[in-house]
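Residue numbering begins at 1 within each chain, and the chains themselves are lettered A, B, C and D in the order written.
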Amino acid sequence: MGTIIWYLIPALVMFCCGVYGFMTRRNMIAMLISLELMLNAVDINFVVFNRYLYPGQLDGMMFTLFAIAIAAAETALAIAIIINIYRSAKNIDVRDVTRMKF
Amino acid sequence: MDFIIPLLILAIPLFNFLLLGIGGVKMSHRLAGTIGCIGMGTVLVLSYYTAFNYFFSGNEAFIIDGVRKAATIFNVTWLEFTKNLVIKLGFLLDPISAMMLIVIPTISFMVHVYSLGYMKDEKGFQRYYAFLSLFSFSMLGLVVATNIFQMYIFWELVGASSYLLIGFFYTLPSAVSASKKAFIVTRFADLGFLIGILILSFYTQTFNFADLTNNPQNVLLSTGGATFLGGSVLTWALVLIFTGGMGKSAMMPLHIWLPDAMEGPTPVSALIHAATMVVAGVYLVARMFPLYLMEEFALQFITVVGAITALYAAIVACTQIDIKRVLAFSTISQIAFMMVSLGVARPEHHEALGYMASMFHLFTHAMFKALLFLGAGALIHAVHSNNYTAMGGLRKYMPITHWTFLIGCLAIAGIPPFSGFFSKDEILSACYSQSMFWGVWMSIVAGMTAFYMFRLYFLIFWWDTPDYSHHHHKPHDPKFAMSFPLLFLATVSVFAGFIPFGEFVTWNGHEYTIHLNTVIAVTSVVIALLGIGAAYVMYSKKNEWPARLAGLVPWLWTAAHHRFYWDEIYLFITHKIIFNGICRPIAWFDRHIIDGTMDGFAYITNKASVAIKGFQSGKVQMYVWWYLIGALLLGAITAVCWM
Amino acid sequence: MDYSQFLIMKQEIGLLIVFLLVFLYDTFASKKATGVLPAVTCCLFAIFTALGFIPCMGIENDAFEGMYQTSATVTAIKNILNVGMLIVMIQSIKWANSEFQAIRRGEFYELLLVTLFGMYLMISSRHFLLFVIGLETASLPLAAMVAFNKNRYESHEAAVKYILTACFSSAIFLFGLSLVYGLAGSLYYREIAMMVTGSGFGAMIIVALAFVIGGVGFKLSLVPFHLWTADVYQGAPTNVTSYLSVISKGAAAFAFLVILTQAFGTLYSKAWEWMLYGLIILTITVGNLFAIRQRNMKRFLAFSSISQAGYIMLGVIADNAMGTSALMYYILVYIFSNLAAFGVIGAIENNCDKGDMTDYNGLSKTNPRLAFTMMLAMFSLAGIPPFAGFFSKFFIFTSAINQGSTAIYVLVLIALINTIISLYYYLLVVKAMYINTDGECPVGTFKSACSERLAMWICVAGIIIIGLASPIYDYLLTIG
Amino acid sequence: MFSNILIYFVVIPLLMLAGVALSRNIKQIRAVAVVGSLALTTLSVYLLCSYLALRGNGEAMQFVEKWDWFKPLHIQLAVGVDGISVAMLILSSIILLTGSFASWKIEQPKAFFLWLILLSTGVFGFFISVDLFTMFMFYEVALIPMYLLIGVWGSGNKNYSAMKLTLMLMGGSAFLMLGLIGIYYHSAANPADYTWNILEIVKNGSISKGWQYFLFPMTFVGFGVLGAMFPFHTWSPDGHASAPTAVSMLHAGVLMKLGGYGCFRVAIYLMPEAAHDLAWIFLILTGISVVYGAFSACVQNDLKYINAYSSVSHCGLVLFAILMLNTTAMTGAIMQMLSHGLMTALFFALIGMIYGRTHTRDIRLMGGLMKIMPFLAVCYVIAGMASLGLPGLSGFVAEMTIFVGSFEHADWFHRAFTIVACSSIVTTAVYILRVVGKLLLGPVQDEHHLSLTDATWWERTSTVTLILCVAAIGCFPNFFADLIKFTFSPQIFSVLGMN
């Protein structure tokens, strides 16, 4: 338990940083970067849990691999969409994307 | 006795009503009038036959050992509430219903005939005869009721037909409001009647008059001593039932509808508002008299109400201008006589002389009051006005009307040998035998009766002859259709007093011989003569006396002229208190509070919808913020609750 | 490894075959021949759907060490989704063949099929890895589809909102999963269920559960994870919206049921029920409150679908076989009703480019059949007999109350009171079409395409038949 | 399935629906409507005869038959009738018939009749069902067409009224649905025996007292909303004021009876103990309804508002009597339902006809109509007389039965409320005569009215039929009283545990 905390806390901090960044950055690309932080924190969690708590199995590791792949796909798609909106609005400030509301 | 004839007595008017009501539109006036008169004439014959059969046949069903019995000719189940409480429609023959079987068809037939002339040119002539038939049916049904609920049913029906007939001239606002007033006031009284019936039937488990009156002791026992606000249940029931009678018979304070009811055609006033329907209250009390005897309080209540009404109406009658109103108040006063008479009747005093006297007076009064009203109708027909100010000196122009009217006045004033003398004398005897106080009181009222009737008589037929030249033709006696009823009724009024009434109608069926109490008879005649004399002095010629006298006590005169402001009080109560004080606030409450609450729910929902719209700000970062907060709160709250 | 276990995944394989055929056709067919691609896809998918109804033996089976499971229930829900999918596909033919979309119609249908594949995985998985793969497969292509309408700004805005919130939500979900993994040591539902029995995990597991609920609740658009819904529904092309609102939601609802009951069912004497309890009240109420103000039809239906999701969740909270079958039944009915509504909206949009409620004024005069279809859909959604929606609502309430606690009576009462609010806004649509006929009618008379009419006829038939024909529900209950 | 006579009460309306849908012009539509409703009337009279022949065989209901529908949930299509349902079926078919005549010249006849017949399908289905689910389904089927009927064909503030009416009634049915589901889960001791069938629930008698205390108010309020129970009556004035003639007729004449019928058939019949213990709460509410509706009616100026408030008062009396829980009062309640159904339909028909001519319903703007349209005016007076309880017409017998029955309770609480309820006979007279006086009698108010015509033949048919029915009940009440009273036979009252 002693060592695991030293991995989990940074992961949590990373996650929180990601959340914070996601909520505060105006640039969508920056938001994606924050998102990446969050996902990586999750990956760390999985790996750490696997390594320290359940060393006899590979579930966490495998999950991490898949999560990385999924994160890549998400990012790719997100960037494509951001490019799209940039084309039509010439702007990627997330706070300007508020035409539909209420 | 065979049930066919009694059934026909009820069925013919009903059939006539339906026939004239539905098919009347297509009929000529003459045909409708003929149908009405023939129908009523048949009923007249049949009821005379039935009544005479009852009184004189000596049939075992009607009289045993000189005691007259109540006979139920037929009794059909109409509606079964419970096993015991059953409304039956039946035909009860006993002394008073047999007597009414004479009174009602007589007057009704006279009115039917009279109306042939009186209503000749009116629009809705057929409708008028239809309503008359309906009324006759209802009134006959009322008097032959075998049970109190049947009586209530026909009680309501006479009310409705009275409503229809008062409002016959429906384009006149005054007639419309008078009919409405009549119905609603009597309806209010009927509420009391209904509750009284409910109370009585609940404890006795019967509606039947026979069960109720044959063993009044049992009725008293069946209430089990239950009391309410200090009065026994029976007292309450009887007083409430009497309330119904007060409404129909226009006793104070429910009398206000009757003077207004004079808006109806005059023959209708004669039939309904003088002779028959208005005595239904008296009839009701008489019908249940053995029960009333059980409750001293109820009888005293009746006496007091009657006595006060009699005096009040007599005073007001002295000041009215409209001749029909004078007659209306005189009717109220005379019915009050009958009420008082019932109220003071006790078996220990001359075998309940008051009961017999009351019925006797009912009989005679029906004749002479109908006569007076029909006479008034003839007068109105002649001068086209209801007010005596438009009349005067008419004795020269209308001799038949004059003489018959005079007979009527003499009868009501109680001058021997006219019929009113005998019946009124019995009433006064009954009063004196109960207590000196009521005797004196009623004697004074009797004197006033003579005064106001002769005031009316002199003002119409003597006083000052106005200029009739602007009329199309001079006032003249009516045609035969109208004068025949006058003559007939005048004849009856002259001789009816000699009927040995005690042999026919007594409270327990035993025969009873009338003795004239000389002292009382002489006193009452003297008082009546005094009244007539005063009227003669004041009104026989045009003079200043009446005005001067009114000037002596102007407040009394004005108050009496305005009928002591009863109408104003009622208007205040109904319009200001009930309408504006109850109905309007309730309607407001309903629209704004109750409905407002319902609308309020919708309003709140809408407001809430607007209030939370900010959550959907369109900003992605706010979305994820709420997402996160939501997830964390969900976890946190559950965790806190579980730990 | 036993390869024969792939045979257990009959439906997934079938779907992949359909996908591949469409893909190959799209790739190799001549430009002219691709014009019939939508129709071809529909036919293929119709055959596939029909095959799915063939009952087969040994339907209860596990594959991959229990990561994948199939059963009569699972097959049934997949079939239900297939039917919905088929209707969506038919509805889209006209749109996909329109000039502007023509070059990308292949993509559209392929993406549709892929997302359906993801949903199959979500439904069948009994292991969170497979579930996550399914979830992402189901939601990422949708982002691309939302952005399909390239020349409309709203479409892009919707896509941005969707992809960003979806990513965020999946991050949160994965974080929650990582905690679950840390605490339970496994990602198999059944093992998690064994591990979390008792109460030794403290608050951490509850927070983890809350994150998991958030992740799936996002797809279901449960309040407060719903905020993306309205914007995305409004901005996306109508066919995508209809797909999002019914198929995607239906699959998520069933997966949600499986996760909650199988993985977390034992946790802290059903802590999830209370979490769901709050979410249902919030979802139904907030969805309704927002819906009453909406004037854009798609946005309006978005909020209506949010509150409908709340009703669907009543089947989950019931936590019994009756609840499961009621949930499936509700989804089935909901598919038909909602697709009917979207069918009308789509037809009007394709022909007149109108989408506001006021534009529907007098629709009953110009297009009586469309108006009638819409009215049936609204009545069905509002739960008015004799339409199917009444039965589904009644059964879902009945199944919820079967749970028996007093609290559930309160919940159902709240839900029932909310049906009044929902009736109000559904009637607003009816009012616009049938009552506000005085002024001029913004939508002129037009003849909708055969494909659109076919889809609507299917929906109308479904709305009328599914409720009155009891065998459907009976069957669902026997397998539930 | 089609060997059962009752099923035709649903089949015929469905055929009528199809017929109207296939009709091509207004004549065909009218023909379908009239023939269909005549068929229904005939059928209901035939049912009455066969019911009378069959009754007394010891069964609580006749023609009972059931077919499984949603079997796992024990939902059946279960039908059966007793005297009360038979009476209600006759009432419904007569009002549908007269309503069809009253809408002779309606605009958009096809859609109108489709909705109207759909509504009646619900009504008929409701009255023949003995299965709670089916009952509830038909109940809601009957409610929803109201929205469109008022919204499309109504007048005045119709959007608001239609919405309010629908939402309030649906609000009531929300409570009702919860109550019904609750009843289902307590319908038997063993979950395998759960049932929606009223007769079986009564036989099982397994709803515990505690649950009854919860379920009784739910169901009673649920149905009570439709029965216009205070304070849930406010949909009634607005709704009726805006509704077209035939819809007002059906709604006030039949639909509001669903409320009273449901209160009896479900709330009281299934949960007699709670009914006995909680009756006082609802007695107060309904007692208020009776008086309050009558007083409110006194100051209204819109004819339909007057009649709507009078309906509140009269329907309040229905619920009031049902809560008295004794044979006489309940018999009175059902008779009042019949009577009020007929006379209020008559009222609304006449109001519709008058409104169609004068284009106003404000009594201050009309007067002396007796002179202009004597037929309608006379009918109005007859309706008014029935309403204020004139003997010989239906209102009297119903009210008297109620009062006599209510007075059987000897305690002061019941006594006081009975007397309060009795007082409504005076208030009723006030507002009826006020209307008659202002509207029909007196001088003609508006010169333009002088050119108006009297009733047409279809209007005469409609009103005369209703008047004949009103008079039939009023003149031969014992037939109807017996029909109804027989139903409160010992079997049922052994369940109710009362006299």
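The definition used in the following text is that a contact is a pair of C-beta atoms (placed from the backbone, for glycine too) under 8 Å apart; a residue touches a chain by one contact, two chains touch by 3 or more.
Predicted, not measured: the structure shown is a model, and the values here were computed from it.
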Is the C-beta contact count larger for A-B or for C-D? C-D
How big is the gap, in whole Å, between where the Cα atoms of chain A centre and where those of chain B centre? 96
Mind checking the centre-to-centre distance between chain A and chain D? Centres are C-alpha means, answer in whole Å. 65
CA centroids of chain C and chain D: separation to the nearest Å works out as 42
What's the distance between the Cα centroids of chain A and chain C, rounded to whole Å? 27
Would you mind listing the residues of chain B that make contact with two or more other chains? 602, 613, 616, 618, 620, 624, 628
Which chain C residues touch at least two other chains? 160-161, 164, 168, 172, 230-231, 293, 424
For chain D, write out the residues touching at least two other chains, lowest number first. 167
All pairs of touching chains, each written as two labels joined by a dash: A-B, A-C, B-C, B-D, C-D
For the complex, give me every residue of chain B touching chain D. 77-82, 85, 87, 149, 153-154, 156-157, 160, 163, 167, 170-173, 176-177, 179-180, 183-184, 187-188, 190-191, 194-195, 198-199, 201-202, 579, 582-584, 586-587, 590, 594-595, 597-599, 602
Touching chain A in the complex: which residues of chain B? 613, 616-621, 624-625, 628
Across the complex, what residues on chain C touch chain A? 128-129, 132-133, 136, 140, 143-144, 147, 150, 153-154, 156-161, 163-164, 166-168, 170-172, 174-175, 177-179, 181-182, 185-187, 230-231, 234-235, 293, 299
Touching chain B in the complex: which residues of chain A? 19, 22-24, 94-95, 97-102
Sites on chain C touched by chain D in the complex: 379, 384-386, 390, 394-395, 397-398, 401-402, 404, 409, 412-413, 416-417, 419-420, 423-424, 427, 430-431, 434-435, 470, 473-474, 477-478
